[in-house]
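Alright, structures below, take your time with them.
You will see two complexes here that share chain A, one where it goes with chain B and one where it goes with chain C.
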Partner chain A sequence: MVASCFLRKCLTALAGLLLLSFGSLAASQIEDQTEQFFRSGHTNNWAVLVCTSRFWFNYRHVANTLSVYRSVKRLGIPDSHIVLMLADDMACNPRNPKPATVFSHKNMELNVYGDDVEVDYRSYEVTVENFLRVLTGRIPPSTPRSKRLLSDDRSNILIYMTGHGGNGFLKFQDSEEITNIELADAFEQMWQKRRYNELLFIIDTCQGASMYERFYSPNIMALASSQVGEDSLSHQPDPAIGVHLMDRYTFYVLEFLEEINPASQTNMNDLFQVCPKSLCVSTPGHRTDLFQRDPKNVLITDFFGSVRKVEITTETIRLQPDLGNMESRYKKEWMDEELMEPLKYAEQLPVAQIIHQEVTGHQMLARW
Partner chain B sequence: MAAPGAAATDLEVVRGKRAALFFAAVAIVLGLPLWWKTTETYRAPLPYSEISGLNALQLRLMVPVTVVFTRESVPSDAQEKLPFTVVHEREIPLKFVTISQSGSFGWTSLISTGMWTYFRNSPPVIFGIQFLYDKMKIKCRFQKAYRRALDHEEEALSLGSMQEAETMLAEPQEQAEGSLTVYVIPEHSSLLPQDMMSYIGPERTAVVRGIMHREAFNIVGRRVIQVAQAMSLTEDVLAAALADHLPEDKWSSDKRRPLKSSLGYEITFSLLNPDPKSHDVHWDIEGAVRRYVQPFLSALSAAGNFSVDSQILYYAVLGVNPRFDPASSSYYLAAHSLPHVINPVESRLGSSAASLYPVLNFLLYVPELAHSPLYIQDKDGAPVATNAFHSPRWGGIMVYNVDPKAYNASKLPVRVEVDMEQVMEVFLAQLRLLFGIAQPQLPVKCLFSGPKSEGLTTWELDRLLWARSVENLATATTTLTSLAQLLGKISNIVIKDDVASEVYRAVAAVQKAAEELASGHLASAFTASQEAVTSSERAFFDPSLLHLLYFPDDQKFAIYIPLFLPMAVPILLSLVKIFLETRKSWKKPEKID
Partner chain C sequence: MPWLRGPRKPSSCLPTPDIRTCHCQQPPCSAVFLPTALFIPSLVLQIGAFSLPPASSQRSPLLCSRVVYTSCHFPWRPLSGPPEYQFRSAHARRRVGLRERKCVRARRFPSGRREAPVPGAAAGRGSAVPEPPLPAMGLLSDPVRRRALARLVLRLNAPLCVLSYVAGIAWFLALAFPPLTQRTYMSENAMGSTMVEEQFAGGERARGFARDFAAHRRKTGALPVAWLERTMRSVGLEVYTQSFSRKLPFPDETRERYMVAGTNVYGILRAPRAASTESLVLTVPCGPDSANSQAVGLLLALAAHFRGQIYWAKDIIFLVTEQDLLGTEAWLEAYHDTNVTGMQSSPLQGRAGAIQAALALELSSDVVTSLDVAVEGLNGQLPNLDLLNLFQTFCQKGGLLCTLQGKLQPQDWTSVDGPLQGLQTLLLMTLQQASGRPHGAHGLFLRYRVEALTIRGINSFRQYKYDLVAVGKALEGMFRKLNHLLERLHQSFFFYVLPALSRFVSIGLYMPAAGFLLLVLGLKALELWMQLHEAGAGPQEAGGASGPGPPLPPAQSVGLASLVAPLLISQAMGLALYVLPVLGQHVATQHFPVAEAEAVVLTLLAIYAAGLALPHSTHRVMSAQAPDRGWMALKLVALIYLALQLACVALTNFSLGFLLAATMVPAAALTHPCGPRPLYAALLVLTSPAATLLGCLFLWRELQEAPLSLAEGWQLFLAALAQGVLDHHTYGALLFPLLALGLYPCWLLFWNVLFWK
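What follows is the complex of A and B.
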C-alpha cells in the first residue's frame, strides 16, 4: 500500500520533471523561433513629421509635431534620419509670450522645443509638392542631404501628419490640399522603388480616417485620430499663452510614448488602445489589412526608435608593420617641439603705415 | 407683302441653322481634338517591350579559366589532345542557399537541405530561381581553355617554393579581371605540401595536382572547377548580392547584408575621447591612412570612388553605462546593450553633411579613466579579442584601452599614443566585412596563401565585382520595370524627352552589361552595369515626373462645367431644334400624301 503510494508519487514526480524539462526546452526553442520569425527585417529607421497649418491659433499642430519629434529623437532616431516640416514658427512668433518655447502641457510643464530642434522644411517650404517630392525622392539635385529621405528597402518609416483636414483631403498652409488618392499614389511610388520596408502612417486631423482609406500598397499600417464625419478635438487651452496647446489624440500618444524606452517590448496593439472615446471624444481608427505582420508582434520601437543590428568583429587581417615608423615618430616629436613656441597672430593691419605721421613717436602705441 | 418677309425669315432661319451646324461642327471636329491634345500629359515614347524583355533576361556569367598543364602532370596520350576548350555550365540556385543559412523551419527547407548535402559534389541542381516578379535566371559558365605549359612556366613550377614560383609566373602577363589561371603540376611534385591537393594564390592564379589516370582530364577538370568556384562565383556571393531582390527571407542572417552598390563611398575615422582631462590621446591617422588604408582602397578602386576623412570628438560618451565585473576588475559592455551604443553617438558624428555617397563610420573609443579598462563581451560573456563590433551598412566601433602602465609615473592627463597598426587591422577587417568580402570557402585540402599586404586579393576583388555587376543589373531592371508599371497605373505622370533618353540609355547599358558578362569581360561589364544603374535611377527620380495634376473625377467636372457648359448648351439646343424641324419636314410630305 505504502509502496504503491510511494511509487505513484515517484512516477508523478518523474513525469512532472520530464514535462518541465521538455516544456522548457520547447519554450526556449519556441522563443528562438518566435524571435526569428517575428523580428522585423529593417536595418534603419526614418521619420517624416509634417505640420501643415500656419497662424498662431494653430499652435497646437506645431506642438503635436514637435512632441512626436521629441519622442522619436529620445528613442534613438538621429536628426539625419528625421525630416521635420513645420509650416509656421511658433517659438519665435511675435505673439508668443514665452519666446523660444513650445509647450505641450499647460502650466508650462513640458517644453517640446528644446535645445536641438532641427527643422528641415520651414514655413513656406512646407507645400504639397515638397512633401510629395520628399516621399517619392524626386528631389532637385541641389537639395541638401538633410532635406532628403534617403531610405532604402530595409527602412521602417514613420509618417506623422497633423493639421486641418476633411473628408479625403488635408489642408496645407491654408492654400492647397493633398488628397488621399495623391497620398496613396505617392506611397505606391515609394513601394515600387522599394523605398520602405514597413510604413507607419499616423494622422491627427478632423476626419483623419478618410486619408488612409485609399492606400493600396503593402506593408502600411495607419492610425488616425478620428473617423469620417467626426472632428478631432484639441486638448487644453493655456490661459497664459492663450491658445490650445495640443490635440487630444497626440497628447495621449505622447503620454504613452513617454513611458517607452529603447529597450521596451510594447507592441502596436497598445498604441491602438491609446485615447479611447471617453478621453478623446472622437473615435481613433486604424488600418492593418495591408500590413503583413500581426500588430501584436510589432514593437513600438520598430517605428519610433532606432535599434541597430550589430555583430561582434571576430577577425582581423594581418598588416605588415611599417619599418619607417620609428623615423616618422621621431620627426613628429621634433616637429611638435618646434611648435611649442607660443603662436601669435600675424600682423593684421599695417597700422604703422596708416598712422604714418605718428610712427616715430608713438610706435609702441600703434603696435599693440 | 408677307412673302418677301417670309422669304427673308426663311433665309434667316436657314442661315441660323447653317450657323448652328457650323458652330457645332467646329466645336466637335476642331475643338474636341484640340482640347484632348492640349490636356493630355506628354509622354515621350519609351521602349516598353524591351523593358519587359529585360525581365526575362537570362544572365550568363562567364569565367574564363586557363588551365596550364605541365609535363608529367597528366598521361602523355592525354597531353596529345591539348589544346582544347571545355565548358562547364550550371544554373545558380539562389533561393536555396538563403533557406539553409537562415535556419528557418518547415518541411520544404528540411528536404532542400537534405538534398543539397546529398548532391554536394554533383552539378545537377534541383531548384530554379524565382525572383519576385522577375524571372531572371543566372547561369554560371566556366570556360576552361586547356593548354600546355610554356617553357618559363615549366621552369617556374619546378622551383622549390610557392613564392618563387609565383614571382616568376607573375612577370609576363597581367590577368584580365574575372579570369583565372590554374596550373596543373605533377602528382608528386614538391611545390605543394604533401597532403595538399591545391593552392590558391593572392593573384588570379591557382595550382592543382595532376593525376596519371585514364580519366585524367575529367578528374583534373573537376578539381579545377572546385578551385575556380572558390575564387570566383559561388552561390553565397550572388545570393548576398541579390539578397534585397529575393522575395522572402527577411529573417535571414543579417551578416549577409553588405553595403549596397554605389558609385562612391565616404569613409570617416573618428576618435572619441570622453575624458580629455585624463587622456591626452594622439593618433597618427594621416600616416595610418597613407600606409594601411590607401593601399586597400586603391586595390578596391575598381568598385567605386572612395574618400577618407577623420575627426576627433571630445566629451563624446557612449549611450550605455558599462558594468563592473569584479572577477577581472574591469568594465564590460554586454552584447545585448551594443545596439544602443550607436544612436547617441551618431548625432555628433556629422556624417550626414559630408556627401551624398553612403558613409561608413569607424569609431575608436578611448574609455574614461573611471571606466578603464573596458571590454566588449559576446553572448557567452567572454571578452572579445578584437574589442570591436560593427553594424551592417553603418560602420564599426573599437574600444581602445590605455595601457595601465602609462598611469604609473605621470600625472594626468596621460599622453596616449594610439597603436595605429592594431587599430587598422580591426578597421580594415570590418571594412572587408561591411563590403561583403567574406572569408572564402576553400575546397578540401586546399592551401590558401592569405591576402597580400593590402589585405585584399585580386580575385576577392573580382568576386566583389561579379556580385556588384549582378546586383546593379537587378536594381536597374527592377527600376525600369517599376517605372513602366507606374506609368501604366498613374496616368498623370509626364515623361519628358531627356527622361526618355535616359531610359533608352539604361536599357542599352543593361543589354551591354549582360553581353559583356556572357563573354567574360568583367571590367567592362561592371562599368556598363554602373551606367545602367545611374541612368535608370536618374530616369526614375527625375523631378519632372512628379504628378501634381491629380484630378479626381468630381473635381474634373467642377473645372470643366463652367467652361464648357455655357458654350455647349446653346449649340446643343440649336442642334436639337434643327433635328426636330428636319424630322417634321420629312414627316410633312407623308402627311399630305
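What follows is the complex of A and C.
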C-alpha cells in the first residue's frame, strides 16, 4: 500500500516533471511562432509588374511579366493591388497562331494570360513618366484607382521589370529609357513619402545588376537576371508560335514560384538560388545590404503573397514589447531619428526671393 | 611656281588657286570659259593645302566671300587691285620667258629649271616689293606648304597615277579576300532566327496543279486565265485579273514578240486578323520561253496551305504574270498607279496595302538539285541584304543546296581557293549588276523599293534532288518570317557586292576601289590645269599690258569657242546615237534589206563609228589659235566630265562605275595629241564603251565556263545592243541613255584631243 502510494507519488512527480518540461517546450514553440507571426512589419502587399518592350519578337517579355502576374495573383494579391504594365498586346497580335493566349512553356503547357487579366497600363501608356508617377504617387487626380499605387508605410511592394536594357538603363518601348539613377531617386522619393515598408525589386534584362547598384534607400532587396557586362538570354523557343516564349531567369523563377503556396515557409535565400549559371547562362545577382532583415527570415510570401495572417492557437500568449515586435522596434528607430533630426519639408525653390531680388549687371552677365 | 607669281598684267587674273589673285578685276581669259571646271581643282587644292584660319580675328567675317572669290572669278570683285599687284605683275612680266612650244609636256614644268627663277624673284620681291600682306588678305592656306604639295603633285604625277590605278584594281581584286569580305548576319530583329515550323506538305497537290496548268496552257496556247482564276478561287483567294498590251519600239528578236498583250492573274489572301495595310508578294512570271508550270503549281499549293493558317499579319498576293517581265511591269505600274513605260493596262480591281517584300519563283521541273538566287535588279539596284540572309538561313535549315550566280559556295575561306572561287562569283555579280538589266521578275519590284529576290530551281545532273515540298517549306519559312516584320526591311545593307551567299562586301569597303581609279582622273586634271595656266601665258603676254579693265583679250574667245564646238558636236553625236536608231528604223528597213531589229543595231553601230570622224569636222569650226591651250583645256573638261559621271555612276551602281572606270581611265589619262598616235588611238578604241561591252560579254561567258567563239561573241554583242535599247524602252533601264548621252560623248572628247591639230 505504502509502496503503491510511493509509486504513485513518484509517477505523479515524474508526470509533473514531464508536463512541466513539455509545457516549457510548448511555450517556447509558441513564442517562436509568435515571433514568426510578427516578424514582418507589413500589413498589405502591392505589386508593380512592368514589361517595357513591344513588337511581336519580344513576346517573351510579355510572357515574363504575365508569369509573375500569375504567381502573385495565385498567392493572393488581388488585381486592385497589382499595377500591370504591358507595352504590347501579344494575345491579340495577328501573328499569334493561338489567339487570346500567351504561353510561357513550350507545347502550350502553361497559358500565363489566363482567363482574367487586368492590364492597367498598356501599349503606349507604358512610359518612363507614367511608371515614375505610379511609383511616386504623383498622378493627376483624374487617374482611376486601378491605375494607382495606393501603398503606405506598411506596404510591401514587389516591383518586377523586364525589357531590353544595357549598362545602367532599361529601354521603354523603342523611344526612351529609364536610368538606374532615376530609378534609385524614385525609390528614395517613395521612402520619403512613406510609400513602402519593404521593397523587393526584380529585373530581368541584359546587364540587369546595373539597375540596382545605385539604390540608396533603406529596406530594398534587389535581384537581377545578369551581372554588368552579361546578356540575359531567352528560353523556350517555340516553332509553332515562332518566337521565344520566355527569358531564362524568369522561366526558372516561375518554376520556383509555382511550388510556393500561401503557407510556404520558403525564404528569400531560396529565391537567390534560383537559376544558377548552369541554367541561366548569365549570373543572377542580388543585393541585400539596404535591407534590414536577414533574407533567411524573409518569406517569399512576404512579397509575392498577400497578408492573410491568421494562426489559431489555444495558448494564451502575452505579447511583450521585446518579443521581436518589429513595430515597436521600428517605432523606436523612428523616434530616435525624430529626436535627432526632426522631420521637416525639403528646401523649396525660393521663388519669392528670386522674384524680388534685383538682378545686378554682374549676375546678368553671368547668366548670359 | 607659275601660279604664285601673280598675274602677268594688272588687268587680268589667271585661274589660279591662289586667293591673292582674286583682287584683280577682270575675269581672266581662262577663268571665264570654265568657272565650274576650275572650281573643282581649285577646291581640291584648297582642301589639300591644309587650309589654316587667318591669325587676325577681323578677317573672319570675310571667310565666305573669300571662298567665293577663290572658286569663281566673278566680276563683282573690287575694281582696283592693291598696288602690290601692279609691282608684282610687272616683275613677273620681266621673268616670263619664251613659252612657245608645240607640245607642253607635263613633266618639264616642275623641274628645277623652271623652279630656278622663283627664289630670285621672291628675293627681289622681298627687297623691292613687300610680300603680299598675309593678315590683310586673310589667306586660308599656307602658300609654302601648298607650293610644296603642288610641286609634289606635278613631279610625281605619272607615278602617282600609275600607283593609284594599280591600287584601284588591286583593291577590287582583294574584295573577295577575308579582311574585306565579311560574314553576313541578320540585322533585322523581327527575322532573327529560323525558328518557325514549316508545315507545308502539299507536294503532290503542287505537282497536280502543275500538270493541270501545263495541260491547259498547251490547249489554249497562252496563259490559261480562266483555269487559274477558278483554281485560285477554289483555294480561297480573292481573285482579280489585269490585261495589258504594249507595242515594243522594235521587234524583240530573241523572244520573238512585237505587239505584246497578256493577262495577269493574281489572288489575294487576306490576313484574317489584321487590316490590309501591308502585303507580301509571291510571283511567278510565265513567258514564251519559260513555262514555269511547276512554279505555278507550287504557288497554288502554297496558297492553299497559307489559307489554312491564321497567323498572317500581312495580306499575301499570289501573282502569275504573262509575258514574263512585261506582265510584272504592267502589274507593278498599275498597283502603284504610275505609268513610266507607256504600258496600256487595265486598272487593278483589288489591292492589299504597301508591298513589304516579294519573292519571284522560277521552277521548271518536279525536282531540283539546287536553288539559285538572283539579287541584281533594274539599273543595278539590290534588295536589302537581310532578305538574302533570310533565304540563306532557310537554305541551311532545310539542307538545300543554294548557289549564287550558279556557283557553289566555297567552304574554306582560310586558304586561297575559297576567296579565288569567291572572286569569280564577285566578277559575275559585277558583270550582271553593271548590265543594269533585271535578272528576274524581282528586279522590277526594286524600283518601287520593294525588297525582292528571284529564286530559281536548277535541275542538273547531281545525284541528290529535292522535291517541291523542300522548296515549298523554304518558301513557307521565309514568308512566315517576313510576316513577322514590323517595319520595312531597312536594318541591313542596300549597297553591297557578294563573293558568296554567306559573305558580303559593304559599300564602305568596296568604294575605295572606284575612288582610286577616279583619283587618276583628278591628278591628271590637276596637272593639266597647272600646265594650262603656264601655257596660256604666252599668247596673253603677246597681247601686251594695258590698264585695268581692258576689253576681253582675243585669246579668251578662242578658248571658249575651241571648247564649245567639240563639246556641242560630241553631245549632238550622243543625242543622235540615242534617238536615231529607234526613230530611223523604218527608213533603214525601206532602204536596206534588213529587219527592224537589225536596222536598229546597225544604225547604232554606224552612228557610233561615225563619231570617230568627229575631229575632222570639229576643226572646221575652230580657229587655229592657241593649239596647246586648246587641247589641254578640252582634255581638262573631258577629264572632269568623265570623273563626275563615273563618280555618280559608281555611287549608285558600283559595278558599272568600276567597270567603266577600269577601262576608260587609262586611255583617258594617256591621250595626247603628240607621241605615238596610232597606239593611243588603238587604246582609246579598245576602251570605248562598246568595246567594253564586247569584252564584258566574253569575260562573262568565260566565267560561266561557256567560252564564246569570236563569231558567237559578235552575235551576242549585237543581241545585247538590241536588248539594251529594248530594256530602256520597256522597263526604263538607264544603261543605254547613260552610255549614249553621257559616256560616249565624253569618250569622243578624248578622241578629239587625240587628233587635235
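We adopt the following convention: the second predicted complex is superposed on the first by the 273 of 368 C-alpha atoms of A that agree within 3 Å, B and C clash if a C-alpha of one lies under 4 Å from a C-alpha of the other, contacts with A are read in each partner's own complex, and residues count from 1 in each chain.
As a working rule, contacts are C-beta pairs under 8 Å (C-beta built on N, C-alpha and C of every residue); 3 or more make two chains touch, one makes a residue touch a chain.
Quick caveat, the model's predicted, so the values are computed rather than measured.
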Dominant contact partner of chain A by residue count, chain C or chain B: B
Contacts of A:R154 with chain B and chain C, given as first, second, both or neither: first
Chain B versus chain C as contact partner of A:R74, first or second or both or neither: neither
Chain B versus chain C as contact partner of A:P97, first or second or both or neither: second
Partner chain in contact with A:V243 - chain B first, chain C second, else both or neither: second
Partner chain in contact with A:K106 - chain B first, chain C second, else both or neither: neither
Chain B and chain C contact sites that coincide on chain A, given as residue numbers: none
Residue numbers on chain A that touch chain C, as the complex places them: 55-57, 92-97, 99, 237-240, 242-244
Parts of chain A lying in touch with chain B, wherever the complex brings them together: 33, 36-37, 39-41, 43-44, 76-80, 128-129, 132-133, 136-140, 145-146, 152-154, 179, 181-182, 185, 188-189, 192-194, 197, 262-263, 306-322, 328-329, 332
In the complex with chain A, residue positions of chain C that touch it: 189-190, 192-193, 195-197, 271-274, 309-313, 480, 483-484, 486
Interface residues, chain B side, partner chain A - complex: 102-105, 244, 250-251, 254-255, 257, 260, 284, 287, 291-292, 335, 338-344, 346-347, 351-353, 355-356, 376, 378, 384-386, 388-394, 396, 398, 421, 424-426, 428-430, 432-433, 439, 450-451, 453, 455, 478-479, 482-483, 485-486, 489-490, 540-548, 550, 552
